[in-house]
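Structures given as structure tokens follow.
In the two complexes below, chain A is the common chain; its partner is chain B in one and chain C in the other.
Take a look at the complex of A and B:
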């Protein structure tokens, strides 16, 4: 992804901005021009929030170029108060992840682009009041 | 001075490596490790850097200050010597990630380990003069060290952040500040060099001790205070030995220094070093107590601050993660994982 595109998606990547449909109430991330459920264009932008639970997850051991030093990648579907987000879990080993695990949003580096740009994105990590 | 600390935040990565393991790998004498008084050091994950750690600490500082301060934050200063970019500010990335206003002063500051201290001094001036209402100062570093250099035993990762604002709203206010600088070549990193060089024993008397002693004595002379007037003394912590030695030389008893000493369990977090010590002290201090804070940065300089806690302090402590929580929450890694996380190994 080019640094220009990453910059344009900054709100989505850093602040988890999605949409909520004013007609059917469905929330969607990333944001779209129309509701994916009822096709209504009567949607407004919302923040998905900063905490949630793991709904499902998978582990990637053979990544695309640039992600090699982050292996194994744990990719999870996380349900927050306002919707669902497909995200990377960090600070956790695959064997430690479980469905229902409480997680919280944090800002981390993603893979550096070919032109040397460092994207910062929201990832999720284990949630606790005494666990950095 | 009409400024004080409105909120503070800290970040210590979860991973730790035992300094004895580094020493064993490179063949250092174990007595050398013991003499540094550092048990282990904090290791940032592969996807962490000065930006991400600074963001976390700043978010906690805003939580403690109260989210209302965000709209009137007029400055963000990031003290770091491990910027992800040589040219491109860290402060703008953190500012946007926190949703701060675009109308603000925004700078990365560089003065080795004391850049964030200068950020606090500048913020005190801006706020006391009425030019700003609130300022965010962050000290954040993933300290670099050449593998096998004695510096590798101590160089660590961490961040601390402070919201500086009007004295009347503060949890702790500044009653004085004194900065002492000189051209002293004790430690440097040239442009393009991944690791710094240092002057071994030259970092000791002419640099660390000379500058801190002069800034602290200058501060106490100006305010008419003595070491007995302070409840806590927090110094920059390049290792676990120097803060105790300089504090004793200045006349502070050990029991006033130990509460703010975090280095033995996380290593030298450079710009976050003294500021994490202050954060820990704020978590256990009582209202009406006086704290001495002395930063140090190679090159060289030191800022000494005299800080008095207020009645608002106790209500703020449990709003965000505490330093003590993060000191206790840790996972040990070996040198191999440390080397991967800190990018000492490059894939071809």
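Take a look at the complex of A and C:
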């Protein structure tokens, strides 16, 4: 990840912008130039929203280059009303995560990029209503 | 316009050992495999060379077709490199098949080569992760193991598959690979070894994962008009199919199945006029235990959700129909990434010819499936004696 790449993607990554097909109504993330279901180019951008449920997760102990200082890294697939997003979970111990856990979006620091910048990305934390 | 269509045969093959060879270079490995294949094909002279590779940039070398052709005394022939992540070998075979079938070439060399031991594990892991979606997955620090771990947990949860049941896959792979002289990890393992091995990306453990390997494999393909000049035991490429899926896993239609495995298999079987029940011996792409299990189902060898359970019951062992991964698969033979798809076709061809150097099984119909990314670029090949 370079600084330029994060800068180019920031609106999508920070607002979780997916697509909705104007012809078949299919929604998904990340955004594509055409609908994955029906190939229509009539797609518009929508927000995935800020809450969802964990449909699968993993805890990474062997990192890729650049993430050595963030272990153990909890990564989840979160299902929202408008699509699935691959994301990090934060403020949660690995052993507390479960499939079906309700989570909400929050902006956090990611690992320093290989060219030395600290990008913000959207991570998910246990939803506050779930905690109450 | 005349449309030429010719049958394509494997008339020669060669492999280097798979392992971590700190003293050997990429060109050295590729040269060994290519010379063995040319010798096996009675000194056939290819007019085209296709090189399959994913990560040669990590050893600071691109333009591999020129490099290897010239290194091996074939300066002046035609060629180029083919890249489709871990599925590069299968992709190069489609290109090679097309060259011969179309009449553009009579004899084509397909050389798969990978050299991973030059770099540290995090560097190689990052390189492999570029097969995923670099814009939307890498910023979160996901590894290739991590992506497959997401699939494995989802699958085990959905079909109520226990840890012990998943372990049956790597145990069988190591039992097979133990007898394979060119395998990277020639050792037997137990369920206890699997559950005590370190967690790479939960629930994937070290012994669910293939090793990062160096290695090279080569095939000589020839048209039906000349195949018998080069080999007494030519192996027919009866069907060949490829399919793509999203690079990201977020937008997959299904998480417990590989669409591209299903589609590429259907295409290959249709072309060959055969079905899964006809296959005697197959090599599947088990980069992780979960990939082996899921592709058993998607190719059509097991019902959905039953792949691991059938392995536990003793199916798919050498001599069963089909025998799966008599080489030991990626788990034990190893995964020299861009070369893996070429190794698979060498190994199944040898089983059909009767000269496989490990556990031998008899059969007339073979299948290979080579996966790039997390099931995003898959080539399935049907071979026939």
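The definition used in the following text is that the second predicted complex is superposed on the first by the 128 of 132 C-alpha atoms of A that agree within 3 Å, B and C clash if a C-alpha of one lies under 4 Å from a C-alpha of the other, contacts with A are read in each partner's own complex, and residues count from 1 in each chain.
Please note the rule applied: contacts are C-beta pairs under 8 Å (C-beta built on N, C-alpha and C of every residue); 3 or more make two chains touch, one makes a residue touch a chain.
Computed from a predicted structure; not experimentally measured.
Visitor: Have a look at chain B and chain C on chain A after the superposition and call it: clash or fit.
Guide: On the shared chain A, the partners fit.
Visitor: Tell me which partner touches more residues of chain A in the superposed arrangement, chain B or chain C.
Guide: C
Visitor: With both complexes overlaid on chain A, does A:68 touch chain B (first), chain C (second), both or neither?
Guide: Both partners.
Visitor: Taking the superposition on A as described, I'd like to know which of chain B and chain C A:4 touches: first, second, both or neither.
Guide: In the superposed model, A:4 contacts neither chain B nor chain C.
Visitor: A:108 in the overlay: touching chain B, chain C, both, or neither? Say first, second, both or neither.
Guide: In the superposition, A:108 contacts chain B only.
Visitor: Looking at the overlay, does A:90 come into contact with chain B only (first), chain C only (second), both, or neither?
Guide: first
Visitor: Looking at A:60 after the superposition, I want to know if it touches chain B, chain C, both of them or none. Which is it: first, second, both, neither?
Guide: In the superposed model, A:60 contacts chain C only, not chain B.
Visitor: Could you look at A:44 and tell me whether it touches chain B, chain C, both or neither (first, second, both, neither)?
Guide: neither
Visitor: Nearest CA pair across chain B and chain C in the overlay: distance in Å?
Guide: 11
Visitor: Which chain A residues lie in the overlap of the chain B contact set and the chain C contact set?
Guide: Residues common to the chain A contacts of chain C and of chain B are 68, 70, 110, listed in rising order.
Visitor: Within their complex, state which residues of chain C touch chain A.
Guide: 120-123, 125-126, 129, 133, 135-143, 145-146, 149-151, 153-154, 157, 198-204, 246, 248-253, 255
Visitor: Which residues of chain A touch chain B once you look at their complex with the stated criterion?
Guide: Touching chain B: residues 10, 14-15, 68-70, 90-91, 106-110, 118, 120, 123, 129-132 of chain A.
Visitor: Going by the contact rule set out above, which residues of chain A touch chain C in the complex?
Guide: 1, 5-6, 9, 12-13, 28-30, 32, 36, 55-68, 70, 73, 75-77, 83-88, 94, 99, 110-111, 119, 121
Visitor: Note which residues of chain B are touching chain A in the complex, please.
Guide: Residues of chain B touching chain A: 11-14, 45-49, 51-52, 55-56, 84-85, 93, 96-97, 99, 321, 325-326, 328-329, 340, 343, 347.
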